[in-house]
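First subunit A sits with subunit B, and in the next complex the same chain sits with subunit C.
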Partner chain A sequence: MASMRARNKIRAPRRSHASTPTEDFDAIWKILASSLSGIHTKNASSLSFEELYRNAYRIVTMSRGLELYERVKALEKDWLHNHVRSQVTDSILPILLRAENGPDRGMPVQEQSNERRAAAERFLSVLKETWQDHLVCMGMITDVLMYMDRTVSGDRSNPSIFVVSMALFRDNVLRVPVRPDLSITVEHVLHSTILFLVQLERDGHMIDRPLIRHCVSMLEGLYETVMEEETSRLYITTFEPLFLNASQDFYRAEGAQLLEEGDATTFCRQALKRIGEEQERCNVTLSASTEPKINQVIDKELILPNIGEVVRMDGTGVRHMLDQKQLDSLRDLYTLNARVDEKKSVLTQELSNRIIELGHEINTMSLAPPPPPPPPPAASGPTQNGDQATPENGKRSKDPKKEKNAEKEKTVNTQTASAIKWVDEILALKRQIDNVWLHSFKSDQTLHKSIDDSFGEFINRNTRSSEFLSLFFDENLKKGIKGKTEDEVDTLLDNGILLLRYIKDKDLFETYYKKHLARRLLMKKSASMDAERQMISKMKMEVGNQFTQRIESMFRDMAISQDLTTSYKRHMSQTNAADDDRPDLEVHVLTSTMWPMDVMGKNKNKAEAPPCVYPQQIKTLKESFERFYLDKHSGRQLSWQAAMGSADIRAKFVRSNGKVQRYELNVSTYMMVILLLFNEIADGETLTFTQIQEQTQIPENDLIRNLQSLAVAPKTRVLKKVPMSKDVKPTDRFSFNHEFQSPFVKVRIGVVAGNANKVESRGQREETEKKLNEERRHIIEAAVVRIMKQRKRLTHLNLMNEVLAQLTSRFVPDVKMVKQRIDSLIDREYLERLGDEASTYVYLA
Partner chain B sequence: MAKKKGNVRHLREVPWWPQESETSVKDLSDEHKLQNTIPGEELFKALASIRLDPKYSDLTIVCGRDEYAVHKCIVCTRSDFFRKACDGNFEESSTNRIVLQEEPALVEQMIEYFYSLDYQVKSGGYPDSDHEITDGTSLNEDTHSTTTAGDRSSQHSDSEMDPKRANKPKDLAEDSTISFDPLSFHILMYSLADRMFIDGLKAISKEKVRKELRQRLDPDAFPQAIFDIYNSTPPTERGLRNLAVNMTMSHLTELRTSSECSRVAFPDRLVTEIPQFSSDLLVAVMNKSVSEWNQWG
Partner chain C sequence: MASQTQSVYVTLVSSDGFEFIIPRSAACISGTIRRMLDPASKFSEALTGRCVLETLNGVVLEKVCEYFLYNEKHKDQANVPDMEIPAELCLELLMAADYLDT
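Let's look at the complex of A and B:
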C-alpha cells in the first residue's frame, strides 16, 4: 500500500469539538443559560445560532445531554413561573373575576358589559402575547437544542423539549390561581371570558374575533398529556364542552321565545341566521371541528322541539305560506325540517293536508250545482233519455237556444264546463305546488311522493274524476286545440295525462274515453286527427299497451270504413251506371266488441234496439251495401245503428206565393226517416206522433228528441206542430212547414241534447258503473286463472297480492270482489281449495 | 469569480455533459444540441454553474479565512442546521452569514457535496506531494470511477488561480506539513454531516469509511480509525461505531495475526484506551457466542 508511508494527520475538528473530560460542563451551561434567557428577553438577534448550537452539541458529546435537558426544563419552568405567570394574572381585572364568581349567565350583563368587555379584551391580548412569545422562544430554543433533542428524546423515552415546554406553560401559566387566595385559575377566567364575548356577539355586538381565535388556537395547541393525542387537546377537554353547554341553554331559551312570538317565517329566518352565525363562528372565531357539534345543539334545542309547532303555526305556518306563495319562507322551513328529519315528516304531513283540503274544495265546487245564470232546472243537466221529470217545460225552453249557439260551437254545457274547470283548477294547483316543490323544497323526492299521493287521494275521492278528465280531453280535442300551436297542444295533452296518472280506476277512464271518442269519430267532431293520435301515444306511454289497444282498434275501424266506402262507391258506379237518384252512402263498420255499448245501440237490458223502418229508397241502398259487404266478408253480421247516423238531404219549400226555396238540411238518420214520411203525404196533411212512431218504429225517446229538433227549436222548424208547445205528446200533430226560413242554404239540425258529450246523469253513471263492474269481474277472473295456471298452487294471501299487483295499473280491485270471483271460479271448478288448508288454492286443469 | 470559473471547468469533465469548447459549439447544430440534452443533466449543469457564484447567492458560509457564497435553497433544504440558523431570529438570520468553527477542508468538501452530491478528499495542494495525488487517484478509482487522472491535474492548475486556495498551504504548514489521511477525512466528514444534519452526506461518507477501512486493516491505520470513530461523534450516534464493531468482528483473525515484518493491527492496548469500543465489542462477541450456542442446541 502506497499510503503506508508515515504522515501527519490533521484532526482539527476533533480538537474543536470532541469532548475532553476536563471541559467544564458548568461553564458551557452558564453561557447557554444566559443565551436562553436572552431569547426570552428578545435579545436573540445578537446571539449566534452557530455558537449556541455548538455549545449544546459539546455538552451532548460529553454524554451529559440528559442533564442539559433537565436544566433547560428547570430554566423554562422558572421563567414561566416567575415572569410570565404574573404578567397574565396581573391583566385579570376584578370585574372578570366577579363574573366568574357569579355563574349567573342569565343576568342582565348589559350595563356592565362594556366595562367587562374592555377588561376581557385586555386579558385576552396579554394572554395571546404571552402565548405567542412562548411559542416563538421555544421554537428558537428547540432549534438550538436540536442535537440534544435527537439524543434525549430520539428514542421516545422523553418528550421533546418543545412538548415539555408546552406542558410547562399549561401548568405554570394557565392552571394557576388568579390570586393566591382564590381557587379560580387563569384557565377558568379564559373560558368564561370567551363565552362572555360569544354571548355578546350573539346579542348582536361586534367582538374582536381574531383575538379569540388566537386564544382558542392556544387551547388547541396545548394538550392534557405529553403524548399529545388528538383528543387530549385542551380545547376539546375543557372549553368545547362549556361552549356547547352554554349554547344549549341559549338556544333552548331562544326557541321558547321565538315560539312565543308566534311567527313561523320569523322563526325560520332567525334559526337559519343562527345556523349561519354558528358556522361562521366555528370557522372564524373558534374551531372548525366544533361546527358539527354546535349544529347538533341547534338541531336538538332550537329546531327539533319546535319545528312541528312552527309548521302548524296558526296563520303563519305552512298553510299560510302555501296560500300566500311565500316560497322563501317555505324553503327556510324545508331546510330546517330537513336538518332534523330525513323524511321531513311534519312538513310533509302539513303539505299533504293542505293539498287534500284544497283538492276537496275543487271537488266540492265541481260537484255542487253551479250558480246561475242557468236556472236550477238546467243545472240538473239536460237529460238525454229516461228522464221525464216534471220540469220538462222550463228545460226545453232553454235547449233550443243552446242548439242555436251550438252552431257557433261556443256554449258548453254548464256541467261539462264545471268538469273542465275541475281539471283546470287541479292543474293550476299542481302547477302551484310543483313550483313550490321546485323552488322551496329543492326537488325533494320524499316530498314529491307525498305531493303525488295527496293529489291521488283527493282526485280519486271524486267519484267522477275519470269522467271529468275524459270530458276535458273531449272538449279540448273538439274545440280547445283549434288555433293552437303544436307545442301548446302537446302541453295541454300532457297536463291531462298528468291527471290520468293519478286516477286509480283507469278502466273507468277508458270507458268514458271510448264513449267520448266514439262520438267524436262518428260525428266528425274531432278537430285534429293528429292530436287524437298524439293523445293515444301519450296514453300508451303512460298507462301501457293493453289500455290503448281497444282505442286503437276504433281508429282502425274508421280507416277501414273509409276504404270500404270508396270501394263500394266504385262498385256501384260500375254495376249501376246511371242512377243519379241513388243517395251516396258513407258507412262506418264498427267491430261491436271494441266500441262502447251505447254506441252499439244496446240499452240497459243488453237487447239490441229494434231497427227502425227505413223508407224504400234507403232500404234498397242498405240491402245493396249488405250484399256488397257480405260478399267480401261472409259470415259477418251487420246491424245498422240509425241513432248514430246522419244524412244530408235537399229539401224544397214552396212558399205561399208559389216561389220555391231550396235548402240543404243536415239531419240525423232518424230525422231523415221522419222527413221522408212527409214526401208520402199530400201537402198540408198532418201526421200524429203515434202515426210517425208506428210507421218508423223509432224508439220513443229518440223520436221525441228528433221531433223536438224539427218542430220546436225556433231556428230549425222544418215541421209545424199542433199544438205549438215545447212538449211532444203522443197526440201532437205534425205537418211540413213550407214557410221555413233560414239565412243559410245549408242548415244543420242537431238533435236535442243527445249527441253532445256531457256529464252523465246519476242514472247513466250507475249504468256505467254497473257495466264497469261486470267488465272488472271478467278481468279479475282472467287474472286469477292466469296466475293460478302458472303457479298451480298458491295461498290466499299470495294470490290476492299477485292479483292486486297485476291489476293496479288499470284499476284498484275491490278485495271483496276478488274473493267473490275466486269463489265463483271454485264453483265452476277452475280452482279448488286444498283439502285441509282452506286458505290454499289449487289450479284444476 | 476565478474560483467559479475553475470549478465549472472541473465539473464539466464528467463525460456525459456536452462539451462546450469553443470549437465544438460552432459545429453543433441546434438539433444536435437537443439530442445531447438530458433533462437531469440540465439541472446538474445549473447547479454546477451557480456553485459559489455570488450572483444569486443569499447566504455566506465562513470558515477560517474561507468564504463561500451559497444558496439557501440548496443548503437549507438539505440541512436542518442551516435551515434553523437562517429561519430563527438569531444573528445569522439578519446577517446571512454563518461562521463555522470547523476544519476548513471539511467545510469546503461539504459545500462541494451540496452542489455535486459527492466530495473528494481534500488535497493539500502541494505540487510535490506525489503520494497524495496517488492516494487521491486510488480513492477516486474506488468511489468515483468517472473522475480521471486529468481531473487531478486540472485541479492543480485551478489552485494557481485561486488566491484563497493558494493561501491554504501556509495555514496548514503551521501545524502540519502534509495533507489528510483519507480514512480520517471520511470519518471526520461523517461527524460533520451528523452535526449539520445532512443525511445524504452521512450516508456517502459512511460508505467511504467502510471501503477505506476495509483496505486499511493494518497496525497504523486501524487503531487510529477506531480512535477517530469513537471520539468524533457522541455515543448515541451509532452509525460508524456499529460499522467499526462489525468490521472488527468479521476480520478478527486478520487483525489479531501478526506477520514477521509488522505488529498486529489490533493491539491489546486499544481495548484499554477506548473503553467504549471495548464494551461494544464485548456485547457483539457475547451475542455471537450466544447465537452460535443456540444454533448447536
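Let's look at the complex of A and C:
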C-alpha cells in the first residue's frame, strides 16, 4: 500500500461516525426501518437520502450487512403481505372469481360481460398501481441500500435486494390465494382477466390497451427465479402459453366458421385482418416477443388447414377471382398462402389448372369447326363473296382447292382468322395473368414459373400452334404494322416472340415461318423490311443463331438479287441501249436449299414442275439474263419459278364505241403469259382451256387459278369466258374482254396466291409433318453422331439424355424416333453395341 | 439556493459546514450523489438540490469536488495529466471514494 511509505504524514481516517458516537445496530436499524416504511407510504420527501445512506453504510461498516439484508427482506415481505396483498385481493370482485370458476371460462354471456369487464379493468388498474408503487419504492430503497448491495450481493452470493423484492412481490402478491378459502391465486385471475379482455377485443370491443400493457410488462419484469434469466420471465412461463392456447382455440373455431360461410374473399380479408390485429396486439397490448408465436398459431390454425379449400372454393375461389379480375382478393390469398407454404403449392396448382383450362377453351375454339357458314348467296358465288367480305384479305383469300368445294374455302379463311384470333386471345390471357402476377403475386418467381409452364402446356397441346403463330406474324408483318409506331411494332413482335418461347417444336415453327416469309419477300407483301429484320433479330435472341440461319440467308438472297437486278440493268443499257421495247426485269436468285421446297417449285415427288412456255419477247429476256448470270457465276443452274413471279403490263381496251381505254395491269407471271397469248390472235377470237394449256405448259392447277382470277372474279374480268360459270372447265372458251372497266388506271389482279399464307388443310399439314419428320431424323442422327464422336462410348441412357438436351431448344424429340435413328446408325456402322452389354454404344470412326 | 430539481448546479455540504456549488453533471459522477439527486426518488436532497455529506469534512470534500471537475473536464480523453493528491489525504480520499461510489 502506498500509504506505508509515508505513514507519519497520513492522517488516520476518522473512524466512521465522527458526528454521532457509536450507536448500536438496533438503534440504527430502527431509524432505517421507519424510514423505509416512510418510503412505502410515500413520505420520502421528508427523508434525507444521505442520512439513510449513511446509516446503511454504517451498519455495513460494522460488518453486519448481511443482517441488514435479511432484515430489509423481512420488512419488505411483511409490507407486501400485510398491506399490498389485501389491496389487490380486495379489488377482485366476485364476478371475476365466478368467471374463473364457471364452466364457461372464455365467454360469459353478454350482460355479464359488461359487468365483468368493469371489474376486470378495476382489478387491473389496482394491480398496476400496486406494481408501479412497488417498483418506485424498491428503486428508492435499492438506491439507499446501494452500499449494502455492493458488499452483500456484490459477489453474487446473494441476489440484490431489488431482485429479492421482486421475487417477494411475486410470491406474496401474485401467488397468493384470492380468498383464504380458495385455491385460485391472484395470478390466475390476472391471466384469465387479460384473456377475457383480449377476447373482447377480438369480438370487436374497445378495451383499455395501455392498462393491459402495464400488467403484461409487470409479468415481463418478474421472473421465476432470482437468476432473472430471459426465459424465466413470468410472462413467458405462465401467461404466454395460456394466451397461445386460447388463441389456438379461437382461430380454429373462426377458421371453421369462415369456411362454412364459403366465401374465399371474406376468408382472406378476415384472416389478413386478424394477422394485422394480432400484430398490433403484440406491439401495443402484449409483448412484441409474442408476435412470431401468435403468427404461428394463426398460420397453423386458421390458414394451413383451410387454405386449400379456400383456393378451390366453388364460385369464390381462385377461379372466380381470376375470372373477375379481383386483384385484391388474389393478393390476399397469395399473402396467406405464402405465409404457410414457401412454394404456394395450392395456389400454384389452382392457378395453373385455370390457365390450362382457359387455354384449352381457346384451343378448342380455334380448332372447332367454325359455325356453319351461311348458305352461299345464290348468284354472286363464294369466291366473290370472299373478296367482298374481306377486301383487305382479298389477296390471300382464295383456296387452291376451291374447285373442290366452295364452302371449304370459307372454312379455311375462317380458320386463318381464328388462328390469328387464337394468338390474340392467348396474348390477352397472358397479359391478364401477368397483370395478376405483377399486382397480386408480388412478382413471385415460383408462380411465374408455374404460369409459364401452364402456358407452355396448353399451347403445345394445340398441335397447330406453330402454324398459327407464324400466321400471326405473317398477318402482322403484312399489314398489321402499317401506321404503327416503332414502339408498337416492337411490342407486337415481342408478344409473338413470347409465345414462340412456349412452343416446343420450334423447327416446325421455322418451317412455317420460312414458308410465309418466302411469300412475303417474293410477292413484296411485307409492310416493312425493318420490322422483318427486327423480327429476325428477336428470334435470334430468343432461339439462337442456328434457328435463324436459313431465314437470314433468305434475306441475303433478296439483297443480292437486288444488286444483281441493278447490275443487269446497267449491263443491258450498256450493251443495247436502243432496245426500248425490252421489258424491265427484276430477278430474285434464291439459294434452293435455304428456301422452302414448295417455293422452289418442287411438288411432293420432288420433281421440278415443267417450265412453262414463255412468249418470245420474254424468252429473249430470260435467255439474256441467263447469259449474264452464268457469265458471272459459272457452273450454277438457274431454274425459273414462274409461279412466284409477277408482271406489270399495259393493256389497251378498245370499247365498242371506238374509244381506247388503257389500264396498267399488275398480274402474275402466268397471267402475263396467258394474256400475251391473246396478243397473237385476232380480236374476238377465242382460245379454249386446252389450247391455252398446250401453248403455255402451265400446270393445270395454276392455270385454273389464274384463269379464275382473270375471267371469273368480277372486278378483274379481263377475259370473257363461255359459258359464264364459276368454275373453270377444260372445255371453257376464253376471249379478250374489251369492255373491262375499273375505277383505277392501275389494276392489281388478285393473284390466287396458293396455299402458303393461311391455315393448311389436313393433307397439307400431313405433308408438312412428313417433311418435318424427315428433317428431324437428320438432325437427330447428326446429334447422335456428334455426341458419340466426342464421347466414344456411352450408355443408352446417357446418350438419350444428351440428345434430348441438345435438341430441346429446337423441338422435343420423340424417344422412339431417337431409338430408331440409333438403330439405323448401327446398321450403317457408325455405332456399335458394346459386346455383351447391349445398352452401351461405341463410336466407330 | 433555489431548489429546482433540474437546476444545473447542486450544493454539496461537508460535515464541518463548507459548501461547494458544482455542476450537477460533475457531481453525478458519484453513484451515491447521483442516486441522492435522482428526481424520480423524492428524497429531500432531490427536492432541494442540496446534499449534506455528514461523513466528509471540508478538506476531503474539496478534494472530491476537485476530482469531480477534473473528471468532468477530461472525460473521454486520453493522456490526461495526473491529478495531484496530497499523500496525507490518501486514505481519507479512498474511504470517501468508497462511500460515494466514485
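Methods note: the second predicted complex is superposed on the first by the 767 of 845 C-alpha atoms of A that agree within 3 Å, B and C clash if a C-alpha of one lies under 4 Å from a C-alpha of the other, contacts with A are read in each partner's own complex, and residues count from 1 in each chain.
The criterion applied here is as follows: contacts are C-beta pairs under 8 Å (C-beta built on N, C-alpha and C of every residue); 3 or more make two chains touch, one makes a residue touch a chain.
Note that the structure is a prediction, hence the values are computed from the model and not measured.
Participant: With both complexes superposed on chain A, which partner does A:N666 reach: first (subunit B), second (subunit C), both or neither?
Facilitator: After superposition on chain A, A:N666 lies in contact with neither partner.
Participant: Of the partners subunit B and subunit C, which touch A:Q87 in the superposed model: first, second, both, neither?
Facilitator: Neither partner.
Participant: So in the superposed three-chain picture, is A:A44 touching just subunit B, just subunit C, both, or none of them (first/second/both/neither)?
Facilitator: The answer is both, since A:A44 touches subunit B and subunit C.
Participant: Once the two complexes are aligned on chain A, which partner has more residues of subunit A within touching range, subunit B or subunit C?
Facilitator: B
Participant: Quick check on the superposed pair: does A:M140 touch subunit B, subunit C, both, or neither? Answer first, second, both or neither.
Facilitator: A:M140: touches subunit B and subunit C.
Participant: In the superposed arrangement, does A:T686 touch subunit B (first), subunit C (second), both or neither?
Facilitator: A:T686: touches no partner chain.
Participant: Between subunit B (first) and subunit C (second), which, if any, makes contact with A:G65: first, second, both or neither?
Facilitator: After superposing on A, A:G65 lies in contact with subunit B but is clear of subunit C.
Participant: Can A:Y57 be said to touch subunit B (first), subunit C (second), both, or neither?
Facilitator: In the superposition, A:Y57 contacts both subunit B and subunit C.
Participant: So subunit A touches subunit B in one structure and subunit C in the other; where do those two contact lists coincide?
Facilitator: 2-3, 6, 9-14, 16, 18, 44-50, 52-54, 57, 136, 139-140, 143-144, 146-147, 150
Participant: Where on subunit A is subunit C touching in the complex?
Facilitator: Touching subunit C: residues 2-3, 6, 9-14, 16, 18-19, 42, 44-54, 57, 136, 139-140, 143-144, 146-147, 150 of subunit A.
Participant: Quick one: in the complex, what on subunit A touches subunit B?
Facilitator: 1-14, 16-18, 44-50, 52-54, 57, 60-61, 63, 65, 136, 139-140, 143-144, 146-147, 150-151, 154
Participant: Once bound in the complex, which stretches of subunit B touch subunit A?
Facilitator: 80-81, 84-85, 87-94, 98-103, 105-106, 131, 134-135, 138, 172, 175-182, 184, 188, 191-192, 195, 197, 215-216, 218, 220-221, 224, 228, 231-236
Participant: Taking the complex as given, what residues does subunit C use to touch subunit A?
Facilitator: It comes out as residues 15, 31-32, 35-36, 38, 40-47, 51-55, 57, 87-92, 95, 99, 101.
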